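Following are the structures in question.
Next, two complexes with subunit A in common: one pairs it with subunit B, the other with subunit C.
Here is the complex of A and B:
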């Protein structure tokens, strides 16, 4: 039996959740509308949900900027290299930590966990990366963030959930520990490897601060720094009409197009990757 | 770290169960050298990029010159600490940090709980899934993209000002008004984090025993009382754990986002400890002074986690370790 109060609640609840959906989606629709609008129409405050003075000229304009593509390619390269290294290091360490019988395991776990609560801070990290000579190399982006401890714990939880019999059988058959990991454990871990791949790839794709901090030359920036400099008015991006003074008036349409093009890859894969993220977070929370 | 069960994690756990025979390091190394070898590179990562910077904090107590010794030239004692503790602009950013951190906690901690409870009441499966998928979306965006979206929306020609002019109000240059910064910052945090923040609560909600609801109904409890007496106690461990974690990151509030959204006009309300030390250290090159501020911030952060953890263990019997 559904009481009246309950029915009223369901209606209110549906209204609130609809509002959540609308509020969440609004900025996306707005930015797409702006990206297809004429500069005049944007500046005079006419654009909200529907493009005004529809044009694709701005897209053509931004995509003809060579620096945009250079920075986009940098993002791809940084993401691929960083993700590959992160996955290898995280897998190795998580596998070791999942071995309950291993002597010294508690210490190895503690070394990782401690860094979740205490870190060196911005300045010592900056001094370290600079003095190692990593500035203006991709290693400044890759190495300082090679292992994410949360991801490590998720993966450790997964390895611990695997049945031990298979590994024991492999050991009896004379397989080495390397061989067991490579031929028995990893083939069983495709799901978690996919999850890790996404966790790391999305976070490196989205990151900007390391690139901003350690790259001095424009042709080394990831695309997020290209966008940052555009919205901060430091560079004009594809906007050749902008004045060369320090406070640039960047065309709003150019900003909108660059934002859309930067988030596009994530938006395209999002429907397919979302559930991996959710299950990864659950695994980390339940078992970590 | 266990978010869904109030148990001790293995990390800080005492001795592992007694093995039949105690292995010495020598025999452990002989037996498991391949496993240990797998840990070598990750350990090097932790030592170089996590623990070395912790040691690097000694420059907070030493004179450091860029290009010189990484660990500084000579000891200066607490000079840099006295310097910032007597610096009025430090206390300005300290206050800002507390206010922005407090507001963020006030909104970004409870709202995911509310949203999770509302989602939990949705009986139509696809609808629930749809709302979840949409609300997780902002979590996957780069913080630069989020900042870009915010700047466009609050710009003079943006939708907020379009709404204002529709009711006959003059346009407001929100991003240059110190009085608006906190509202803009906290709203964008809510927009980006609330949906994703429901995941752990939704997981915790599924672990609540259905018999408890049955029993409550038999006792005549309506939906509201069931929520109050069964649902909320059921997700309390998750709530407490996340609260403790949030309190631990209190002082490190939104460094990157504030760096992207603030400008000299809004510094009076927007500048926080982390952005201040970034400017002092990296832009102005006062590394030792900035390191002292950073160390102060970390120590307070750790103290807050320890204190919150202890209080939650005392009061509700749930703790991180």
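Here is the complex of A and C:
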């Protein structure tokens, strides 16, 4: 038998959660609807959850441009390479820092944390990247942001929470340091690795500033820079070229189309990583 | 990623400035001897000459990439340019959305290309103290077309306005032969006809017209305006800007802290003329002729009101009257809208002469280090300032992309090529496929050349505007770097307060009887001190001359 109190809790719980779902989903569905709607309908505010005056004009405009796909491919490449490098470096650094017997550990942590609060600033960074000859290469985007200190600290805390007995046992069985990390620690750390993967991938996917700053040629830009320019280019009202009906249509729905197109791939990553999130939470719950 | 603010950029630029000042001597004794930098240049280059470098040259340049016609290194424009001038570009393509930010970083970092186009005065001022850009006025004697146009079109006053404390200017601006008054107000002419009202020619007549419309449509605001989001104005920035010019002051998006009032600078926001503008608008609002939301609403909201027939008057320019206002009202049967000749005020049929300079080109310090410096100046002079160069960058190649001449009105764009409203069904696009009419190169020029790009409707409007006389521009008051820092603080505080109180007066939240009190409050915010400083700077400038 379910008690009255429990029943009431369930009802309230369901209601609140439904509300949360609606509040989170509404803007998203609205954006998708706008991206497929006609200019007149968008301007007069008729679009809420269902597209009105259905059109794919803006999608066609954005996707028919070869440069869009070049930049899209760049984003994929930058994100994959950058995430891979970041994960490797962050894992190595965090694993080392999690060892309490390490000499100079405090200093190494301090160096990392220092960069959270102080940095050279924009122009010195630009000069540095230029003098290293990284401009107009993938490395200008990948290397300066390879280790995110916040992620590093989260990972360090996770490694510290693993029982040292496991690693001692591995050592007794003859595993080397790297063997222990590779065979024992990492398989137990899938949850945190998945989390880090997501954090890094999303941040590199969304990033535009490094690409904008360090790349001097169009064909090297990430797609975020392309889309940013697109929004600015089309909505700059006084521009001489914006003339036809098409331009009006594009101006009205370009932002929605942009958001949908950039969001889609990274959103598709979530379902695959979701279960590690859940297991990560459970892990913590059982261990208290 | 972190997005940096303008303020941070300025601070960074400032920091670099300090470092570079420490590292080099003052710029006063700048070396303007260019005898060893003549490689590739033409001897005796003069007005009317076609520039062609004596050897193939490559100049590095920032290149704003407009998303409507993204930069393409293979454009026929660049190919033909290389053929005619022997010069090609090593381009740093920058998305237009954040062009200024990138310019700011690369110039401050000392990594800028030689030629930096598309700079809007006073953006160049941030880089002067660091020595990152050249005082171009030292070298304009090597640019015959530029100096010729400045002289013939009497632009010396406008150029002087860009001068710095050292009496030099650091930007080569685009030059217009005449004022191009693009903005005015758009009126539903079918509604005027229906009620037998004439098109208003003065601001007072506009009030009368609006009153008549109010009587006919008591439940509506006949005038609901747009362009409220841009600073420095308080909202309805075009309307206030137009009114201020007609009353002999500055406001809206033309606002500036100081105004040259024949003999000395005065505080714009405290002028009696400014009070009259505020008074005029307050009357419109209090009689419910002007929608009070005009000062705060988005452009879309204003357009919706106009589109649905709730309002009959809205600010327009040549583009928006055709592309927006006219299309917005397409669903109302019989509705017509026209950009009416700019209504006149106490200043009569005159236009402000301030808009005759365009954005322009900065030259980085690196340019002067090149042995091809003179050739570079001649190249810039030909492409951006000669009639042939302007025609080339705007309309392209005679006999190919166009035929005829703009001087005798026989100009005609190739029917296979479209540009803006011209030849809408043509297969090729002048900008996308050819690279002509690119905002980086094509601007300024003679009135005839400007007219070649107008529709008949706009030509008629311009003909009306060109009957008006252009007022002289005021002199500059160049601040020293230390003064500018203090002045900047005052400017920000004063502008905020002027905007806030302008709105309060217009919307009736503060009675105009408190005007004197308001002027005193402005002075308490540094108004009188700012004007004192500006006049001091002006006197110093005059003394140097």
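Simple rule for what comes next: the second predicted complex is superposed on the first by the 192 of 288 C-alpha atoms of A that agree within 3 Å, B and C clash if a C-alpha of one lies under 4 Å from a C-alpha of the other, contacts with A are read in each partner's own complex, and residues count from 1 in each chain.
One rule holds in what follows: a residue touches a chain if its C-beta (ideal position, glycine included) is under 8 Å from a C-beta of that chain, and two chains touch if they have at least 3 such contacts.
Values in this document were obtained by computation on a predicted structure and should not be read as measured data.
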Residue contacts on subunit A - larger count, subunit B or subunit C | B
Partner chain in contact with A:153 - subunit B first, subunit C second, else both or neither | first
Is A:67 touching the first partner subunit B, the second partner subunit C, both, or neither of them?
-> second
Touch check for A:48: first (subunit B), second (subunit C), both, or neither?
-> first
In the overlay, answer first, second, both or neither for which of subunit B and subunit C A:144 touches.
-> first
Using the touch definition from the top, say if A:255 reaches subunit B (first), subunit C (second), both or neither.
-> first
First (subunit B), second (subunit C), both or neither touched by A:217 | second
Which holds for A:123: it touches subunit B only (first), subunit C only (second), both, or neither?
-> both
Identify the partner contact of A:207: answer first if only subunit B is touched, second if only subunit C is, both if each is, neither if none is.
-> both
Between subunit B (first) and subunit C (second), which does A:13 come into contact with in this model arrangement: first, second, both, or neither?
-> first
Subunit B and subunit C contact sites that coincide on subunit A, given as residue numbers | 43-45, 121-123, 126-127, 206-209, 213, 225, 228, 231-232
Interface residues, subunit A side, partner subunit C - complex = 43-45, 67, 121-123, 126-127, 130, 145, 203, 206-210, 212-213, 216-218, 221, 225-226, 228-234, 236-245, 247-248
Subunit C - residues contacting subunit A, complex | 1-4, 8-9, 12-13, 15-16, 65-71, 92-98, 102, 105-106, 108-111, 299-300, 303-304, 307-308, 317, 319-320, 322-324, 327, 419-421, 424, 431, 437, 453
Subunit B residues touching subunit A in their complex are 1-5, 9-13, 16, 19, 23, 25, 28, 32, 34-36, 38-39, 41-43, 45-46, 48-57, 59, 64, 70, 115, 118-119, 121-123, 127, 130-131, 133-138, 140-145, 147-149, 151-153, 155-159, 161-162, 165, 171, 191, 195, 199-200, 203, 222-223, 248, 256, 259-260, 274, 277-278, 281-282, 287, 290-291, 294-295, 297-298, 301-302, 305
In the complex, the residues of subunit A that touch subunit B are 5-6, 9-10, 13-14, 16-17, 20-21, 23-28, 30-31, 34, 42-45, 47-48, 89-90, 92-93, 95-96, 99-106, 108-113, 115-128, 131, 143-144, 146-147, 153, 176-178, 181, 202, 205-209, 213, 224-225, 227-228, 231-232, 252, 255-256, 258-259, 262-263, 266, 270-271, 274, 277-278, 281-282, 284-288
